[in-house]
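Shared chain: chain A. Partners: chain B in the first complex, chain C in the second.
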Partner chain A sequence: MNRYLAIANTWWQRAFNYRAVVFVYRISDLIEMGMLLILWTALYRTTPVIQGMTEHEMITYVLVGGLFYEITRNFSGDEVDRAISSGSLSSFLVKPMSYFRYYLSMSFGRSMHTALALITRLIILLILHSYLTTSVTLSGVCIIIAMLFLGYLTELFMNYLVGMTAFWTEETAPFYNTYRNLQKFFAGGYFPLVLLPAGLITASYWMPFAYRYFVPMQVFLGKTDVFTGIRGIAIQIVWLFILYGIIQIVWRRGLKKFEAVGR
Partner chain B sequence: MPLLRRYYHIFSAFWQRGLTYRSTIIGYRIGEITELLVIILLWSRIFEGHTVILGYTKPEMITYFLLGNLFGVAVRSYARESISRDISEGGLSAIITKPMSYLSFLAPREIGRMSLPTILSIITNLLVILPFHALLIDLPNLGIILIIIAMLALALIIEFLINYLIGFITFWTEETEAIFDVIGRLKRFFSGYYFPLSLMPVALITLSGWMPFSYSFFTPAQLYLGKMSITDGLRGLGIEAAWIVILWLAVKLMYKRGRKRYEGVNI
Partner chain C sequence: MEPVIIVKNLVKQYAFYRKEPGIKGSIKALFYRKKEFRDAVKDINFSIERGELVGFLGPNGAGKTTTLKILSCIVERSGGSANVLGYDPGRRQPEYKSRFAIVMGQKDQLIGTLPCFESFKMVQALYGISDKVFTENLEELVTLLDVRDLLDIQVRKLSLGQRMKCELIAALLHKPEVLFLDEPTIGLDVVAQKSIREFIKHYNQKNKTTIILTSHYMEDIEELCKRVIIIDKGSIIYDGQLSDLIKKHAPYKLLKVTFTQDITREQLAGLGEISEFQPYAATLRVRREEATKTAAMLLNAGLPVDDLLIDEVEVDDVIRTIFNEKR
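Right after this comes the complex of A and B.
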């Protein structure tokens, strides 16, 4: 356990070297949030309700949902990609610990991004608190916490998988780009999934992404019942098992292709 | 002529190089199409039960995004990435010892590098437009079409110059990714990529008219939709020309200052 804590601590310290970078990314996130607020506020000038959502519900969706999304976000797949393409993975393979466990510890350590995102988002929430609305119950809060924790793990697993594409190609950037766009779309990060056609809404409930933004926000706004929340948690757990299985298969196949010379 | 041949060789070398990254180019196009389809889907749903939203009919809004996006991809540049690499990895040293200036080397290299992705982007955008053609607003008159073409040509030059400026930030810091991200988002926002700028508060609309970004998306799309007149278009061309002069001067100044900070060892 101490070993993993040491790794997490090293990466936490390392993240501090890039304070300015992390801070600038937060500004970028705030620009996106501001843009969404401008868009929805303008649209609500023409109609009081859009697909069953009032203006205050939509503002809450953007502000609180954005917070949920940032809490569960991580970029550690980049490190997997770098380790494979630079060949530094070799040094992990000879160590008496699995690279996957190292990856998990490192990702927890790199959570300074999340900490800073939390601070900036909470400040915005405080400033705009009069626009917020909620119908969440205590059981709803518990469901949201469980959902976000599992959402964080799902995102970690997914990033690990995308990072492993580096076993087959050096050009991994388009994979990240497409993956991030698609997962944000199915998470409801661009707009609430209620705006999608019924078929796509159903599909998104069976995928793991909606549980990082859309579904916890539905619970927060009281638009879904406890049963749907619990079912969502079950779907997330199943996805974690599926992803873990896929990771094992891809890792084994990838290692057969891995070559590192002169290290 | 030898000068032109020199530029042609740089263009040709980077065009060939672009061909080696075919899967990357296709991968990015998939992401691009997904994003465009998501926007169309969103607006189609928002228009359910409404004929006009904030002065736009559904066909106008769909045309705005489909054509605006086509305009946007036609004038796009990623020169900042290669400039940043030149500076941070020291490749600049090899270029500045050549008998041509770095600034004049950049344009043919970038045109060569970006031609294939741009052509593919235009083709994929046209393929997305095809199923929606019945919804599109008819072509405007010839005068407007000529103004749009001129506006996009100037927008391409502006895009290049802005990219040079952003890339030169690497002279001062190596951590440029986050800065690129912020500037990229602001550029997209003020170009009208996310939504028509007419949805913004009046002060921001006025401000965006004086900035160089809206001429790659919002203004040509508005001209196409007949929501701006020929006079507005001509005024836009004047603003673009002024920006080109300002940006060129800024590029020269920033490059001169940056060069003083540049160090290349063991290249």
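Right after this comes the complex of A and C.
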């Protein structure tokens, strides 16, 4: 356990060296959140309810859902990509610890970024608290916590997978952009999934992404039952096993390609 | 003594693509790229005994670093076998990784944005080194390499020489039995080179650590390695004692003479092959067995000799000769 804490601690310290980066990320988040609020407020001027959601529910969806999304987000795949393309992965391959475990510890350490994000998000929630609404129960809170934790792990696993594309290509940005856009869409990060056709809603329930934003928000707003929540958690767990299996296969294949070029 | 490193018929191929020049070539490459293979290591064999310090020599791209990368679990071999301390590096077992270390002069293993002590603490955690052993080893290495004042300074603020010393500490904290050193002195000034060399020598003698060293600096090899393995274009072209290599490929010695007044080339005629000449100094290449006799002749030839030195040929020259002969 000590080794994992030591790695997390090192990365926690490193995160302090990139204050400017953390700050710019926060600004970018606030801009996006502001745009969504302006858009929805404008749409609600002509109608009090959109697809069964009131204006206050929608504002809650944007603000609290954004917070959930932020908690489960990470950018650690960039480190995998950088390690592979720069060749610095070599220095991990010679260490008596699996790189995946190192990656998990590092990501928890990097959660310093998330901690800062939470502070800004919570301040905004406090300022706009009169616009918020909730019908969450105690069991709902437990389901949300479990979903967010599993959603965080899913995002870590997915980022690791995308980062590993660096074994085959020098330019990984297109893969990240495609993945991030798709997962944000299916998470309900651009708009609530209730606005989608029924087929796509069903499909998104079978994918792991909706459990980072849309589904926990449905629980928070009291729009879904406990059973759907528990089924969602089961789907997330199955996905984690599937992703872990894929990671092992891709890693083994990738290492065969790895030439440790660079610096 | 039983060898701790055994390499048999080791092969490593790298795949690469060719692209025709210009936009046309780029568009064509979008649809079709011809895959080709390059042999980085071709069927090499060697074994190294415990405690040996072996020099790995060869020009850029010869296959030295690739061999070290295979032995240290970084890249996978394409064929043959390798065995280090009874382990197959291809299996990447944590037990094996706890028993060797690699230092690459051109790659940083320390975390640039943190003081090196933080990197050492991470190494301690990764290798599961107890606090007691960590403190003892760190104390010993810090003293030997004289870096006590550097431990709390951000790594990226250190000079290249200081950084290499800290890289060595990070690599040796877990007391590896086998150490791969890939160009550890590259880019360092002569003082730093010397200090790293002295450290490696001391460490090898004290701990009986088996070391493979690659370096472009012949001083490193001459001072540290009795045995050298020369590799060129992926194949081993020499494996043996450095002294035998010199005897075999340099069957001559150098007579370095300085004069009290200027002389002409003609005055040295018949004494040996003149390899360097200035009016007040010259270097003659003479056959090894005739060196003493020629020196006596030189002194008795009535020349204004101020100083005379019988020297060995530079190892660098010997190696260059070998490579030139092979091409």
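What we mean here is this: the second predicted complex is superposed on the first by the 260 of 263 C-alpha atoms of A that agree within 3 Å, B and C clash if a C-alpha of one lies under 4 Å from a C-alpha of the other, contacts with A are read in each partner's own complex, and residues count from 1 in each chain.
Note that in this section contacts are C-beta pairs under 8 Å (C-beta built on N, C-alpha and C of every residue); 3 or more make two chains touch, one makes a residue touch a chain.
Predicted model, so just to flag it, every value in this text is computed and none were measured.
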| item | value |
| --- | --- |
| Partner chain(s) touched by A:87 [first = chain B, second = chain C, both, neither] | second |
| Which superposed partner A:101 touches (first chain B, second chain C, both, neither) | neither |
| Chain B versus chain C as contact partner of A:3, first or second or both or neither | second |
| Chain A: partner with more touched residues, chain B or chain C | B |
| Chain B versus chain C as contact partner of A:258, first or second or both or neither | second |
| Contacting residues of chain A [partner chain C, same complex] | 2-7, 10, 13-14, 17, 87-88, 90-91, 93-97, 102, 255-256, 258-260, 262-263 |
| Residues of chain A that touch chain B when the two form their complex | 18, 20-22, 24-25, 27-28, 31-32, 35, 38-39, 42-43, 45-47, 50-51, 169, 171, 173-175, 177-178, 181-182, 185, 190-191, 195-197 |
| Residue numbers on chain B that touch chain A, as the complex places them | 21, 23-24, 26-28, 30-31, 34-35, 38, 41-42, 45-46, 48, 50, 53-54, 175, 177-179, 181-182, 185-186, 189, 194-195, 199-201 |
| Contact set on chain C toward chain A in their complex | 14, 69, 72-76, 92, 94-95, 97-98, 100-102, 104, 106-109, 111, 113-114, 118-119, 121-122, 124-128 |
